[in-house]
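Presented sequentially are two complexes of chain A, the first with chain B as partner and the second with chain C.
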Partner chain A sequence: MFPKPIEKSSRTWQLGYQALLPTVMLLWLAPLLAVALFSIRPDSDFLVGNYWGWPSSFEMTKNYGMVFGSAMPRYIMNSFLITIPTVIGAVALSCMTGFALGVYKFRGNLLIFFMFIAGNFVPFQILMVPVRDLTLDIGLYNTKTGLVLFHIAFQTGFCTLFMRNFIKALPHELIEAARVEGIAEWRIFWFVVLPLMKPAIAALSVLIFTFIWNDYFWAIVLTQGENAQPVTAGITSFNAQFRAMYHLMSAGSIVAALPPVLMFFLMQKHFIAGLTLGSVK
Partner chain B sequence: MNTTLVKQNWYKRNEIAITPWLFLVPGLIMFAIYVVFPIFQSFRISLFKWDGLGSLATHGEYIGMANYEKLLTRDRSFNISLWNNLKWLVFYLASIPAGLFIALFLNQTVRGIRLYKSLFFFPFVISQIVVGLVFTWFYDPQYGLFNGIIGFVGFKPLNVLGDPTLSTYGVIAAGLWPQTAYCMILYLTGLNSLDLEQTEAARLDGAKGIRMLWHVILPQLRPATFIAFVVTVIGSLRSFDLISIMTNGGPFGSSRVLSFYMFEKSLSEYGFKMGYGAAIAVILFLIMMVFIGYFLWRMYQDEKATNG
Partner chain C sequence: MAQVELQGVNKAFGKTEVIRNVGLEIEKGEFVVFVGPSGCGKSTLLRLIAGLETLTSGDICIADKTVTDLPPSKRGIAMVFQSYALYPHMTVYNNMAFSLDLQGVPKKEIRERVEAAAKILQMETLLDRRPAALSGGQRQRVAIGRAIVRNPDVFLFDEPLSNLDAALRHDTRVEIARLHAQLGATTIYVTHDQVEAMTLADKIVVLKAGEVMQVGAPMDLFNKPANEFVAGFLGSPTMNFFHGTLTGKPETPEQGRFSGGGIETGDVRLVSTEKSIGDSVKLGIRPQHLILDDKGPLEGTVSLVEHLGTDTIIELMAADNTLFRFVTADAINVTVGDVVRFGFDPEKVHIF
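The block that comes next holds the complex of A and B.
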């Protein structure tokens, strides 16, 4: 283990470390804690300049009540309606592409694989004008469906990279054995490979959920207004509505950030497994 | 012999050759429509003067390389944006050593350490929009925490985001926060899978501290460093959300980067110059291709090594 385990060092150093941990953590999260503090203050605190002192009263219910009384729930609903279908679509497509690229040897295999990877890294701006035109042409501009279709297609790049590497690492003998038994290839996919992919599917789902929830660029390129925009874009209109009302803007930001945070804490193991794929050998 | 049987036999005989393509088709079609073709279309649009109304063929005016010529010779905003991209690229890389440092700090087994690791990772999970808002308030000249701190130490208040010489650095610092968290988690995983024997052997040989880190630990962390490098470089060239939220490119366009400038030219109140915007996107794409090419080349080497 590196660095040396703290248990093997002197008693003072151990205590020092125990004290240092929460201090450094508070400093690291200070900007966020400040916002959390703002979000429970009454607006009168801002008028009298009490930004960092003890709140004169705790207005958590009132401030967050205001947030839920605004258009925010609409935006959050939109975010869910965009994120969940995207996760399902991208994971389903990439289970298939990953299977094809991870199991079979054929000409062009590596070329297609590299195309998916390269596509996943390109700057969004090179796609922006044509994708916006396409979405307008097929009548899906300013709809959740338009956004979902694009997200599925784009995320397929990253998901394919992930799934293919995962499948490639599975024991190939299982597939060979099934073939010897004369089982059809699609049944091998469904009954042999897919059950083994559960951890990869879980990890990828959590990861894509966070990516899509946090998307802002495509939200403002392909949608506008309450009926389709997700919360990342909605929060800017929310803030325009409550300009300079810091207690409400803070509460709004916290509400907007919450779902992926919950997702992360509930599915931490999968999340980190997904994120760190390939960083160890 | 009836025809269905022949067909079935043909499929059966070629099953292993056909199946991968059947599985690839849906993904490939989606990817081709939304990712591959648009790249080529952008190249084409960049040769036109076009306001995005009507179709390119009927309403666009073909002007050859004129957009590029203007960009590279007569557009000061383009120069500023390109220069800022370079700043992003260089300073954003600081998240790699910073992430390593925090990972080393947290790689212990004391009580509650798991919770600490999660809390340190927190900034990466929340959207860049919220990070941007949080940091905008953090820098606020009147009641921001930042000025509270530097005032406490005795400095005059700074309007970081309102000062053309500081704005880009202010935004990059905000970007470093989630990115450092990302690099930290990559390194924590790497540290978890260190070769124990090698580390202990080095320790018996008297290696410790920085020398141990440099000669024994870092070589083992190379895969983590590579991934951290990839995601940080890509992230720096993609920066858009933070700039859009924190400064909107300002003041006086001083914090624009290419991705933001492109968006501004093609889709904002400054007019719909789709051709010009596409030309900016193409240049950004070509810069990115240098890195993507390098990453793919590295991966190709790995593939060759593992497949014998």
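The block that comes next holds the complex of A and C.
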């Protein structure tokens, strides 16, 4: 059996393992712990350089209160208003492109598919200036709509790759059986294929939600100010020209990190890919 | 006019010809089995009839209607797939009701038709289950049920039993035969299993490399194979072939005399009538049709003895190093290395 169960190894190795595991874990989590700890420190701890020591006082309610009293709720709202439409748009579009590319044989099928994939290999930094100019020209600069549209366009490539391969792996006989039964193509998509794609849709939604929620680059390239900026960019507003409020930035970061984590746990049960079991064989 | 008619059907994938000039008539209520080795095009032919593949040339008519250019749904067919292709997210009831529901059949009628089909297939208790909670045999029955509720002109079966284990395969085969007797529906059934073909079919179509080798009732094919391929394909163990020459052709065109490997025949059935005297031919004798005979013309050295319980299969080597088999249901006491002599019934041998 591999890996070898720890109970079967020697006593020294067991002890070493038990000592090493928490150490590695601590090392791993240190940055997160530091941020969490900073979020409950008073402002003065930063100024005196007390980064890793015991907080001089616990200011949890005060810090988090200030975060929620600032423009942060507005930024978080913006994040939701950007992320959710993007997830819906990108996943819906890619379900359709994936179905078309995965089910139908037509000239240029592979070529189109490769174009979707090739888009993923373009380093997005080189698009910074043209995309910013484009959004400015069509009047979408510094709007949530602009950010949403850009994100959908950019994420659909990867989503199509994901969905097309998932649909391709579904038993083709299911679609043929439905065709023989006289089910119209769009109904095959809606009633046969889409229900079977639930695990893929759930997985992709969480993935895209996290991508977009955590996006910082396009947030600062395409938006400014609290009317459109998402939380990732909004956190930096605690940094003024002469003063950085790291305790509030930390508290803001913790708050901003929660939705993707929650999203993951909520959608966890949908990840079971065993839905197609029993269809064939 | 026939229920299903194929006229000069051709199908090529790129440059590979898969179906070559197939013409076929299937009467209403007939159970037709397409049989052949894998890759012979039997499934493709079925998919052409179903409309899942498009013809390269030719015409297909179903129920007096040319369907060549119609989509599968307009052809009045129902198909049962090898992999069952049940909708995994729907219950058994919904699997069967799905297409009727989308066609706008009234709910009450749907319920009646599904329940009737469930009754025929003895699966009334399974209607609320999902396919994942069913055994292979049950899934197969759901797939058949889904075909029945649509009340089609023609049933198409694509190797429906090949995913089942041996015992279940037998039971389901019997059930399909019973079902056909009960419904009397025109059925086209694809299999590579000659036992299924022999037991189920009213008419067998033997295919090889996309061409029809022979069409006929099972026993006609078995007793009067039209060529060496059909002779070798049907029957188990396969027919024995002995090399020799054609030594005589009497007045009757389908008779001939054979000589070779120590065997001399009188006038027996000549299949390849185009051969002339002196041509090299093969003599075909089924293992079941050899007769133990100490004075018989055929001599063989036993190389393998297989006791199957009911039958015993003996593999022998003839003097000219031709391998042949002998099958008998009688108790026989031979061991490897023994020399045995055989005769045969001249009525049951063929010259190819």
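FYI, the second predicted complex is superposed on the first by the 243 of 281 C-alpha atoms of A that agree within 3 Å, B and C clash if a C-alpha of one lies under 4 Å from a C-alpha of the other, contacts with A are read in each partner's own complex, and residues count from 1 in each chain.
Here, a contact is a pair of C-beta atoms (placed from the backbone, for glycine too) under 8 Å apart; a residue touches a chain by one contact, two chains touch by 3 or more.
From a predicted model like this one, the values you see are computed outputs, not experimental measurements.
> Looking at the overlay, does A:Leu110 come into contact with chain B only (first), chain C only (second), both, or neither?
first
> So, A:Glu181: does it touch chain B (first), chain C (second), both, or neither?
Second partner only, chain C.
> Taking the superposition as given, does A:Phe191 touch the first partner, chain B, the second, chain C, both, or neither?
A:Phe191: touches chain C, not chain B.
> Touching A:Gln125 in the superposition: chain B (first), chain C (second), both, neither?
first
> In the overlay, answer first, second, both or neither for which of chain B and chain C A:Pro171 touches.
second
> Which chain, chain B or chain C, is in touch with more residues of chain A?
B
> So in the superposed three-chain picture, is A:Gly49 touching just chain B, just chain C, both, or none of them (first/second/both/neither)?
The first partner, chain B, only.
> In the superposed arrangement, which partner chain does A:Phe264 touch: chain B (first), chain C (second), both, or neither?
The answer is first: A:Phe264 touches chain B but not chain C.
> Touching chain B in one complex and chain C in the other: list those residues of chain A.
Shared contact residues on chain A (touching chain B in one complex, chain C in the other): 184, 275-276, 278-281.
> In the complex, go through chain A and note every residue touching chain C.
That would be residues 171, 173-174, 176-184, 187, 191-192, 195-196, 275-281 of chain A.
> Which residues of chain C touch chain A in their complex?
50-52, 71-74, 77-79, 81-89, 98-99, 102-103, 130-134, 136, 139, 146, 150, 163
> For the complex, which residues does chain A have touching chain B?
By the definition above, chain A touches chain B via 1-7, 17-18, 21, 24-25, 28-32, 34-35, 38, 46, 49, 51-52, 93-94, 96-97, 99-101, 103-104, 106, 109-110, 112, 114-119, 121-134, 149-150, 152-154, 156-157, 160, 184-186, 189, 210, 213-214, 216-217, 221, 232, 235-236, 239, 246, 249-250, 253, 256-257, 260-261, 263-265, 268, 272, 275-276, 278-281.
> Touching chain A in the complex: which residues of chain B?
Touch list, chain B to chain A: 15-17, 19-24, 26-28, 30-31, 33-39, 41-42, 45, 52, 104-105, 107-110, 113, 116, 118-123, 125-130, 133-135, 137-138, 143, 145, 148, 177, 182, 185-186, 189-194, 196, 199, 208, 212-213, 216-217, 223-224, 227-228, 234, 237-238, 240-241, 244-245, 258-259, 262-263, 266-267, 274, 277-278, 280-282, 284-285, 288, 291-292, 295-296, 299-300, 303.
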